[in-house]
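Please find one structure pasted underneath; my questions will follow.
As written, the chain order gives the labels A, B and C, with residue 1 at the start of each chain.
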Amino acid sequence: MVNIKLNNVSKIFKKGKTEFKALSNINLEIPDNSFFGILGASGAGKTTTMRIIAGLEAPTMGEVLFDKTVVSKDDRTIIDPEERDIGMVFQNWALYPHMNNYENIAFPLKVKKWNQNEITKRVYELADILGIREVLAKRPGEISGGQQQRVAVARALAKNPKFLLLDEPFSNLDANARDDARALVKKVKNELGITTIIVSHDPADIFALAEKVAVISRGNLVQLGTPKDLYDYPSNERVAGTLGDINIVDFDLKEKNGYYDLIFENFIITGIKLNDYNDSKITLGIRPEDLIIEKSTEIDSNIETKYEGNTQKIGVFEADTVNYNQGSFSVVLNISGTKIKGISREPIFYGDKVNVYINKSKIKLFEYASKDAIKLNEEIERN
Amino acid sequence: MIKNKNTNSNINGAKNVKNVKRIIHNIILVIFSILWLFPIYVMVIDGLKSASGVLITPILFPAKSSLGPFITVTTALERPILNSIIYTVPTAIISTYIGAMAAFYFYKKARMINTLLFTIIAIATFVPYEITLLPLTKFISSIGLLNTYPGIIIAMLIFYLPTGALLMSIFLAVLPKTTLESARIDGANDWTIFNKVVLPLAMPGFISTFIFILIESWNNFFVPLVLVTTPGMNSASLALMSYTGGYGTLYNESFASAFIASLIPLVIFVFLGRYFIRGFQAFGTGRKG
Amino acid sequence: MNKNKFTIFLFLIPTLIFGILLLYFVFYNVYYSFLDSSATVLVAKFVGFATYKELFSNALVVSSLKRSIIWAFVLIAGGNVMGIFFASLIYFLRNQKTRAVYTSIFVYPLAVSMAASGVIWTWLFNINDGVDYLFVRIGLPRFPWLDSPATAFPSLILVSIWVFSGLASLFYLASFQNVSKDIVESAKIDSASSFRILRKILLPEAKNAFIVSTAIIFIFALRFFSLPYVATLLNPYTETSVENLYVLYTSLSFSESSAESVIVMLIALVVVIPFALYGIKRWLAND
């Protein structure tokens, strides 16, 4: 097994006279045996990062180390991908269409000149783990997407690589197959204990699998941490968006006894403490699940008894649009043209009057100018 | 769309005009097809004429058929056709395979210097080969291969290897890049990737290039003309020369010989013509695939 | 250079060797064209452009060169016109199978060797037994074809058009098929005539096809050797520059043959270089 390290890696693509900086000064360390995620929007530079680790591209500047060995450095590939001993599952799986699935999985072993018996044993062993034994005689074109993906994983694992790279391995699968595939990858990783890096634009992949995540945005490493850290404490507005659905709204600030009120039209959050904040506006992020919505009845229920945690009632609004999605109703409020989305457990219909509550401990505050996160201190949150 | 006020008769009228147009369209196609196929027609009917048939019927009309002329010319052309096979099959295989290797090199290395090399190869494909008459003859005779199979194959390779490289470059360009990269990740070296992944994936292009070169070299008249010095080494197209005819000769053997000498390329064309056509289109448009 | 980078270079070497050999031939011609080498000269010496001057004062050489160029241009015009004609006839067919059949019919002459075409057409042009037989029967005058100075050359051009129109039509058909089907369909719904669709929609997109077919036909035209050679056995009415090479070669005037090669090569390069650059640009642009 191996410890992978990226030191100050930058990648510049030149096309004719134009240059494009796909990665700038990435520093990363991927510890041995970990399940590491790289998250970022499409075009952020995830695949490029992975290709640099694999050796398919050389970093324009900076170096890549496997343990103490420099494998590529400053526009030079020192150890070619074929000698890096890695397994990789490409975004489109890149199976060999002219070989059957058995031959696909066996290919890396044939290249290594394993003997026939060992190859057969290994292929069947992997096929059993991944549940693709029945399709070995077929070609990749004759099996489902989910099965192709398993074949690709099996091929990548066949030679017992030092580590495994997965580039958006689930993006070509439908939702059901995706859940199964995630579970399977997790199982394989646990059984084989191999260092694994998964790249995805879908936070669901990361939450399901990764122990540690690097978030990349426009070629920059913007945050590093556990998935939960990142979800709850995104370092800026963009990371917050990358990790999941979030309402981002600019609020006016009004001070009251050392605390601030956040005001956007009639959407007002009270009692926020801010240290050294000098702008008159602030950007707030709130995930839909932290904006609780219920049907407004004549008798207003007492929220303190109903919801745990630091929940505050914002007021009564009108539901603008409602979508049903996997057991909950997402309700959109239209506040002077700005759409704010919350979640209700019970059916709500267009035009219904609704009560809106906010989970104050989950709000994310960003500087209005820079959109960088503002640390809320614990004491205030509990207020 | 049909406007509301259109009456039934109007619609019928439009339909009729359409039908008439379609009929004219087809008639034109049939007329030109007949014109284009005419040489095949005369090769067959006149090749099948007996000597007496030649004397009493004009070229354009069939007479009582006889296999005589075909048997005579087949006997005479047996050796040249065999020679042609010996000249062209290795030429086409080697040009396509080695050309594909060069194409793989260009596929992997799209750098400035290679653009230049690629340009040279592209231009070499279009050199009118007749102009190499003198140096080619001197070169082949200086290596002692004048009037030999290897000599003629080498001469053909000089012309068709660049063609193979150019065509295969066009076909390789459409290969899925990640599949080849995944072979690298699997630990395969370039030689393995070329033989186990690139060639199987590019097989349609490979066949297309092979057929293209086979037909072109089969019909190459020039190389054997200058490099063959004894009749026993004649190629099929060269051997045809003795059937050119003129006044007083019987044309049945001319047509039979033209047919027999063209038979192999024609059969290839009939069965694999779509590859040939695809190759030419790729050749001309530089389209990938 | 590491091991692998060297291995991949080996892939290029055989092609490179043969390519260099071909280039060497080209330069060999250039070199010899400045000497006075021939079978009767023991030690060839440098004579500058003298051989070229001589060639250009030789009426037969000049006329054959002219013929080559005329042939090329008439064939380019005829080939492109017939190519567009066939391509549009085929394009407006609906059935894929029928399309394929007609395409093959128009293209197949490429598979017939020029030597065989020469044999066939010499007979078809025979003024007693050939197509003239039919002409006379239906009351048309006998056409002299290869037997008259005025018609021998045009007759061969006709044969070459028969050979190459199909090829040109392939390029045009390819470019027509690149035009979005929706555009053509909506024009049809607007009840535009096929001729109008061709003129307004398809042909404007066929610039590439024109460039490509012109360049390729041009090169083939400069290569014309076997057809006139076989058809007429060096009939002076049809002789082209490429055959002249052969005449000079067989008479062993090496430098003259080289000089004429250089001229043909230069003519070819004028057309080929822009074409090659164009092709490469497309090749790289698609990357």
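The definition used in the following text is that contacts are C-beta pairs under 8 Å (C-beta built on N, C-alpha and C of every residue); 3 or more make two chains touch, one makes a residue touch a chain.
Everything numeric in this text was worked out from a predicted model, so none of it was measured.
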Exercise for review: Sort out for me whether A-B or B-C is joined by the greater number of C-beta contact pairs.
Suggested key: B-C
Practice item. Using mean Cα positions, find the chain sitting nearest the overall protein centre. Key: B
Study note, to complete from the structure: In terms of mean CA position, the chain most removed from chain B is A
Check your understanding: What is the distance, in whole Å, between the centres of chain A and chain C, each centre taken as the mean of its C-alpha atoms?
Key -> 60
Check your understanding: Taking each chain's centre as the mean of its CA atoms, how far is chain B from chain C in angstrom?
Key -> 15
Revision key, fill the gap. CA centroids of chain A and chain B: separation to the nearest Å works out as 55
Review point. Taking each residue of chain A in turn, which ones touch at least two of the other chains?
Key: 80, 82
Study note, to complete from the structure: Touching two or more other chains in chain B are residues 189
Check your understanding: Where does chain C touch two or more other chains at once, residue-wise?
Key -> 4
Study note, to complete from the structure: Touching chain B in the complex, chain A uses residues 54, 56, 80-88, 90-92, 94-98, 107-108, 111-112, 155-156, 159
Revision key, fill the gap. Chain B contacts chain C in the complex at 1, 21, 25, 28-29, 32-33, 36-39, 42-43, 46, 58-60, 98-99, 101-102, 104-106, 108-110, 115, 117-124, 126-136, 138-139, 157-159, 161-162, 165, 169-170, 173, 189-191, 194, 215, 218-219, 221-222, 225-226, 236-238, 240-241, 243-245, 251, 254-255, 257-259, 261-262, 265-266, 268-270, 273-274, 276-277, 280-281, 283-288
Review point. Any idea which chain B residues touch chain A in the complex?
Key: 176, 178-179, 181-189, 192, 196-197, 200-201, 203
Review point. Contact residues on chain C for chain B in the complex?
Key: 4, 7-9, 11-12, 14-16, 18-19, 21-26, 28-29, 32, 86, 89-90, 92-93, 100, 102-124, 126, 129-131, 133-134, 162, 166-167, 170-171, 174-175, 189, 194, 208-209, 212-213, 215-216, 219, 222-223, 225-226, 229-231, 233, 242, 245-246, 249, 254, 257-258, 261-262, 264-265, 268-269, 272-273, 275-280, 282-284, 286-287
